Amino acid sequence: MVAQNVAFWIFAAFMAAGAIRVVTTDNIVHAALWLVLVLAGGAAQFILLGQEFVAWVQVIVYIGAVIVLFLFGIMLTRAPMEAEEKLNNNLRWPGLAAALLFAGTLAWAFLDQWGSDKIKLTKPVRTKEIGDLVFRGYLVPFEVVGVLLLAALIGAVVMARKD
Amino acid sequence: MLMNHFWFLDHAWLIPLIPAISYAVILLFGKRYGERAAWIGLASIGSAWVLALGTVVQWISHVNDSEGAEARGVVQSIGGMVRNIRLAAESKLHVEPIIHSTTWFQNNGFKLNVGIQIDGLAVMMLFVVTTISLLVHFYSTEYLKGDRRFNHYYAALSLFSASMLFLVVASSTLQLLAGWELVGLCSFMLIGHWWEEKPNSNAALKAFLTTRTGDIGLLTGVIMTFFVVQKYATMAGGKGTGSFDIMKVNEAAIGLGEHGGSKSLLFWCAAALLLAIMGKSGQFPLHTWLPDAMAGPTPVSALIHAATMVVAGVYLGARVYPIFYQGFHIAGGTINPMAAIGGATVIIGAGLAFVQNDIKKVLAYSTISQLGYMVMALGVGAWTAAIFHLFTHAFFKANLFLGAGSVSHSGANHSFDMKHDMGGLRKYMPKTFITFMIGTAALIGIPFTAGFFSKDEILAVAGENNFTFFKYLGLVGAVMTACYMTRCVYLTFFGEYRGGHADAHGAGHDVGHDVGHDTHAYVSDDHATPIHDDHAAHAAHDLHDAHDDHGHHGPHESNFPILAPLFFLSFMSIASGYLLSPMLKIEKFALWVEPHFGDDKHFNVFEPGVFKAIDPILAVAAGVVGMLLAYAFYWKKAYGENITERNGALRAGKNFLVNKYYLDVLYTDIIVGGVKGPIAQAAYWVNQNVIDNVLRYTGKGAAGAAQFVYKYIDQKGVDGVYNGSASGAGALGGLARKLQTGRVQLYAFTVLFGLGAIALLLVIFN
Amino acid sequence: MLLNQFLLLSAFLFGTGIYGVITRKHTVLVLASVELMLVAVNINMVAFGATLNNAVGQVFALFVLTIAAAEVGVGLAIVLLIYRNLRSANPDDASVLKG
Amino acid sequence: MAHGFDAWILTLTTFTPIVGLALVLLIPKVEEELIKLVTLLTTLVTLGFSLYVLKNFDFDHTAKLQFEVKKTWIEVINSNYHIGVDGISLPMLVLSAFITVLCVIYSWNHFPEPHNVKAFLALILLLEVGMNGTFIAQDLILFFIFFEIVLLPMYFMIGVWGGPNREYASIKFFLFTLFGSALMLLSFLAIFFKVKNGQGLHTFDIPELIAAGKGGITHGVQLIIFGGMFIGFAIKVPMFPFHTWLPDAHTEAPTVGSVLLAAILLKLGTYGFIRIALPILPEAAKSWAPWIGLLAVIGIIYGALGCLAQTDMKRLIAFSSVSHMGYVMLGIASLTSFGINAAVFGMVAHGLITGMLFFIAGSVQHTFHTREMSRLGGLLTQAPKMGWILGFCAMASLGLPGLAGFWGEFPAILSVFKPADGLSLPVFRTYMVIAAIGTVLAAGYLLWMLQKVAFGTPKDEWKDTHVHDVGPQEWMAWLPLLLLIVVLGVVPGLMFKTTDGAVKQMVDKAFPTKVEKGVAEKQPEAKSPAIYVKHLGR
């Protein structure tokens, strides 16, 4: 278990650093790439928890698709590829206050509630189980999400279309 | 025996019902029958009159039966000892009223009973009201011929009679209230009969509003009667439900008074009801509407003044008399509000009658004065005398009013102005003259006319009950009455005819209107109301042009429908007095009319006075003095035409001789003139300027206050608060507007920070 | 492993995301910050799922992922639209709502 | 609980207009006659249902909720679809259905500008749903929803078809009532959270709340909750000083709107007091009563003064509503069954009489295009029938015995002489005298109006105008009202019989009288025959 713990802290450190850079860097493209780091770290944490399927989905969907979308968005809005000016506005201190407040509250609540609960990993969750669950218990939400995606797709096309 | 021994008494509810139906019929179908609609009204009031006569006959025989010949026989023979013996035989003397009632509605255990309560008082009133009303109906067929709203007039007349009769037979105070208000409504309709002219509708409004002011008293008073009963029932250990039944009210009032409980409730109840009487019966200071009410057609004035509207107040006083008797502690013999108001009204009304040039206004002020006698009589404990005076006054005052109507109707100008349009009329209309003289005699109290007996009775009993002050006040009133009535008769029937002929018609009309224009919405001056029964003018474009010609030649005698009621009323003006006279040892009226006020045996105020020779002598002397004064001043013009204009020291010596050492001046100028001039003028001035102004300025003040309240408090103040709060909200919005920077991220910050704060709170307090 | 490790990590990421949403001057970066928050949520879900030893957490995470994808799609379309109209991707310039 | 058709009848009475509304919306706008016909039929059917209720109502048990239905509605807050009528709500329900029919008939050829028959009638139908629903609701949430439904159509009616100042008036109306509603809703919620019913659940059910008593709410909190309800209802009544929306709304509203506003909408407030505020929070009501009474008498005098200052006929009638509703509130403030009976009677009577007065004002405006009294005059010569009807209504309104107005006024004044136990006698007796003075003022302004409008001769500008007297549509709309004014005035027992049981039960539960209770058992006279004949010496 120690190895896992160590791995967790390493990944966590990377993720924290990446996240901070995402919100602080002055280069847009870098920000997107730092985000990739955070997402990848997240996928790694999932694997640590034995949740493989979602980890791979994370890698494929997020890193493979979402980040690409981001980059396209950056290009299409003709954002400067290099750091030119500050990318943060004058709301830094309020933002920090809100962030600290939120994070602090969450942390307090978590510590308070689950102070020493342990995660006992027995065996990884297999994809079959997930399939069973999705197509039995959560069929309707699944379908709804499918429709939602379709709607988002059409909506995005309609909105972004030039006419 | 006619049908049932009690048939008429049991079915007295038919008497108000028949005219009420007639009202509806005339209103709905009147147009179809044109002027024949009058006959519907006549037929209905005629049958009501027959029914009323039936009740009179049956009631008298009922009283005589239950009295038993023996008690009354003894009383009759002993005469002077009447009082003591009657007290002894008292228990037999009350004849219980006949009550039929039904529960109208029920509300939380309280039942409102309505029905009829027939006793001597009610029977007497039924007779008076139906009689006068019948005569007025008949009289009006001629008098209002060709009027443009002939049908409405008859409909209103029917309703008027119906409501008054309803009031008379009422068995509960609430019914009294209903009848009372309906009477007020009808007087409104009739006074304002010619509503096209503003002064007429003003007069109608004034009458309604003034009596309505009195009705504050009636409303609260009737409510208090309810609680008087409740209090008494609770005191007697009963279940303590209130009631409006007049019998119960009287019983309770006597009981509470006897047991010394709830004096203040009784007092306030009496005070409230006295206010109602003041409004309705034209008592000082609420009398100002009565002269204005002359704006209505003259037969209506007769009806209002003799038998319906104003008498309702006195009737109320007599109906729930125990309330006043106990509430004002009348037995004590001290000055009480009721006697004081009545006494003041006697003098004030009579004083004002001096300075009127309008014959109807003289009569109107005289009515006020006579009503003052009645209320004063009630106030001094002379119940029987008050009612007796009501009874006789109804006939002779109706006689006088209808006589005045005859004079105007058959005179040249349809005017009531004595100074301009009358004089010497006795030659032109001798029959009217005679009847008018009989009425005047009765009003003055010439011996052996009806007024003599009734007025005398009031004064005698007032003296007996230790109200000496009011006795002499009444005598002063009698002097004044004699004086102004002599003047009135002189101006109307003696001297030279001053009226013009047809061509003067328009001029007379204008005089009235010139004065009439400065009126305003509520309160009009007395003189501002042109008193013209100029229905002929209204009718000029109407169907009956042919009839109108009588206005175009000189004065002449009226025809049958007008004279017949006058003859009958003249007869009654004398005959009605012979029902009660201690002097002649007649006590029938007292015996027949006295009501039964509950079970208490010790309450008896219905005694006729004990005859003392001094009383009639004083009264006659008063009358003679009054007449002589007027005779000297007006008739003989002992002091010339325009005495008041003369002055100056230089001519004094010559005048001293010419004027017979100024003895006449002393008599006429200083005494009569003083009374006639400054005092009456002052009274009139007070009436016109103070009381009327109080009313006027109260009206104006209310309007002003209303304007103020509306403009400043409502529109600016109260509304301002809301408008202010609205703009306050606007200002807040302006502040909030500042927050709407349009910076999405600032919004996001606000939302997220707020959310975080709430979450933190939840965490902390959980 | 303690459950709290993951939860605290997610709290940190979430806070960072909030900071980003409030402060970033480019709309695409605001969306990226939102993604950070979503990842934080996902980590939470998965951690709880692992603690309770079932697959529900994963399923929820999958749904979140899907919705995140949809959100990014629509979000970027909006960004494009804004850019096309305002010639700027700075959220501060989209201030039509200013009162 | 009712069964079979009876279980549906109240629902039908309330929601039939919705069906009509749907039909009206489906008909093209140009088919005006058809729209009118459908609306009239709908309202007639609704009236028919309400008459069925009236006919099958058990008048021996007026205190009992009849035609009662209770179905689960919003389970999570334990709010039920609970409807039913008792003696208090029955007259109001029938009145509401009745007045709506008359309004539709009157509208037939009196459509206000802008001419849009479809929208106007649709709004009337929607209004009827709200009005009928409010009077049958036995659940606070249900009550609230119906109470609010009423607001919208009236807002549009004033705002679209109103007079020149309509926007101000409609917004004022809307804001005022909405403000009151908000406080009222807060009070309802507070009660919900503070009181538990027999099963230990929080509830919005009115009978359950009454049965639960104050449910352990402290006196101070009760006072506050009552205060919230008071403001909500008092604005609707409207009581001084919350009345300022009324003259504006009335003056600007189209005739039919004014009639409905005066006849039904104002009653929602007083009905709320009687149905909800008093029985649920009796102790607070007792503490509030002197203040309610004070505001009521101020309203009586103040409204009358306001009337005297008016030059606009319709505004005068509007102010007279303030005065008359003062009597209703005074009756309620006495907290006696006598006074509350009078209040219910006064509500119905005021609905009939003032509704009628507004009809006439509307017709006068329709004819002369002005309501300025200084420009009017001689109505009696130009349109005698209308003039007489105006006179009749003025008399009814000033409380002439024998007409309906009297029975709302007189018992209310009477009840104040001896209010419920624990209320100050001197204070309430002072109110009595002031209220009695108010009757004189009432006579003053009404007769003044009558004189200005009806008496005299027509002004020069209208000399040659041909004035239509009362026409067939108007007769059809007015005659029932006039007849009812007379019938209720002559036989007030019809109403008192209906309301008495329900009111008595409410008052006995909420404000028990010490004296009466002990005596009630030994009250043999209750069985005495209705007619007794007393003859002596026969």
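Labels for the chains are A, B, C and D, by order of writing; each one numbers its residues from 1.
Methods note: a contact is a pair of C-beta atoms (placed from the backbone, for glycine too) under 8 Å apart; a residue touches a chain by one contact, two chains touch by 3 or more.
Because the structure is a prediction, the values reported are computed rather than measured.
Hopping across touching chains, the smallest step count from chain C to chain D is 2.
When chain centres are set by their Cα atoms, the one at the greatest distance from chain B is A. Here the chain at the heart of the structure, going by C-alpha means, is D. Separating the centre of chain B from that of chain D, both taken as means of CA atoms, is a distance of 38 Å.
Centre-to-centre, using mean CA coordinates, chain A is 7 Å away from chain C.
Our note on geometry: chain A versus chain D, Cα centroid distance of 63 Å, whole angstroms. Note: centroid distance chain B to chain C, computed from Cα atoms, is 93 Å.
Across the assembly, chain C contributes 18, 21-24, 92 as residues in contact with two or more other chains.
Each of residues 745, 749, 752 in chain B touches at least two other chains.
Multi-chain contact residues of chain D (touching two or more other chains) are absent.
Contact topology of the protein chains: irregular, matching none of line, ring, star or complete.
Touching pairs of chains, sorted by label, consist of A-B, A-C, B-C, B-D.
Chain A makes touch with chain C in their complex at residues 1, 4-5, 8-9, 12, 15-16, 19-20, 22-23, 28, 31-32, 35, 38-39, 42, 45-46, 48-51, 53-54, 57-58, 61-62, 65-66, 69-70, 72-74, 76-79, 86-89, 91-92, 94-96, 98-100, 102-104, 106-107, 110-111, 114-122, 125, 129-130, 133-134, 138, 141-142, 145, 148-149, 151-153, 155-157, 159-160, 162. Residues 89, 91, 94-95, 97-98, 101-102, 104-106, 108-109, 112 of chain A are the ones touching chain B in the complex. Those residues of chain C that touch chain A in the complex are listed here as 1-29, 31-33, 35-36, 39, 42-43, 46-47, 49-51, 53-59, 61-63, 65-74, 76-81, 83-84, 89, 92.
By the touch rule above, chain D contacts chain B in their complex via residues 172, 175-176, 241, 244, 302, 305-310, 336-338, 341, 378, 380-381, 395, 400-402, 406, 410-411, 413-414, 417-418, 432-433, 436-437, 439-441, 443-444, 447-448, 451, 454-457, 491-493, 496-497, 500, 503-504, 507, 515-516, 519-520, 522-523, 525-526, 530-538. Considering their complex, residues 745-746, 749, 752-753, 755-757, 759-760, 763 of chain B touch chain A.
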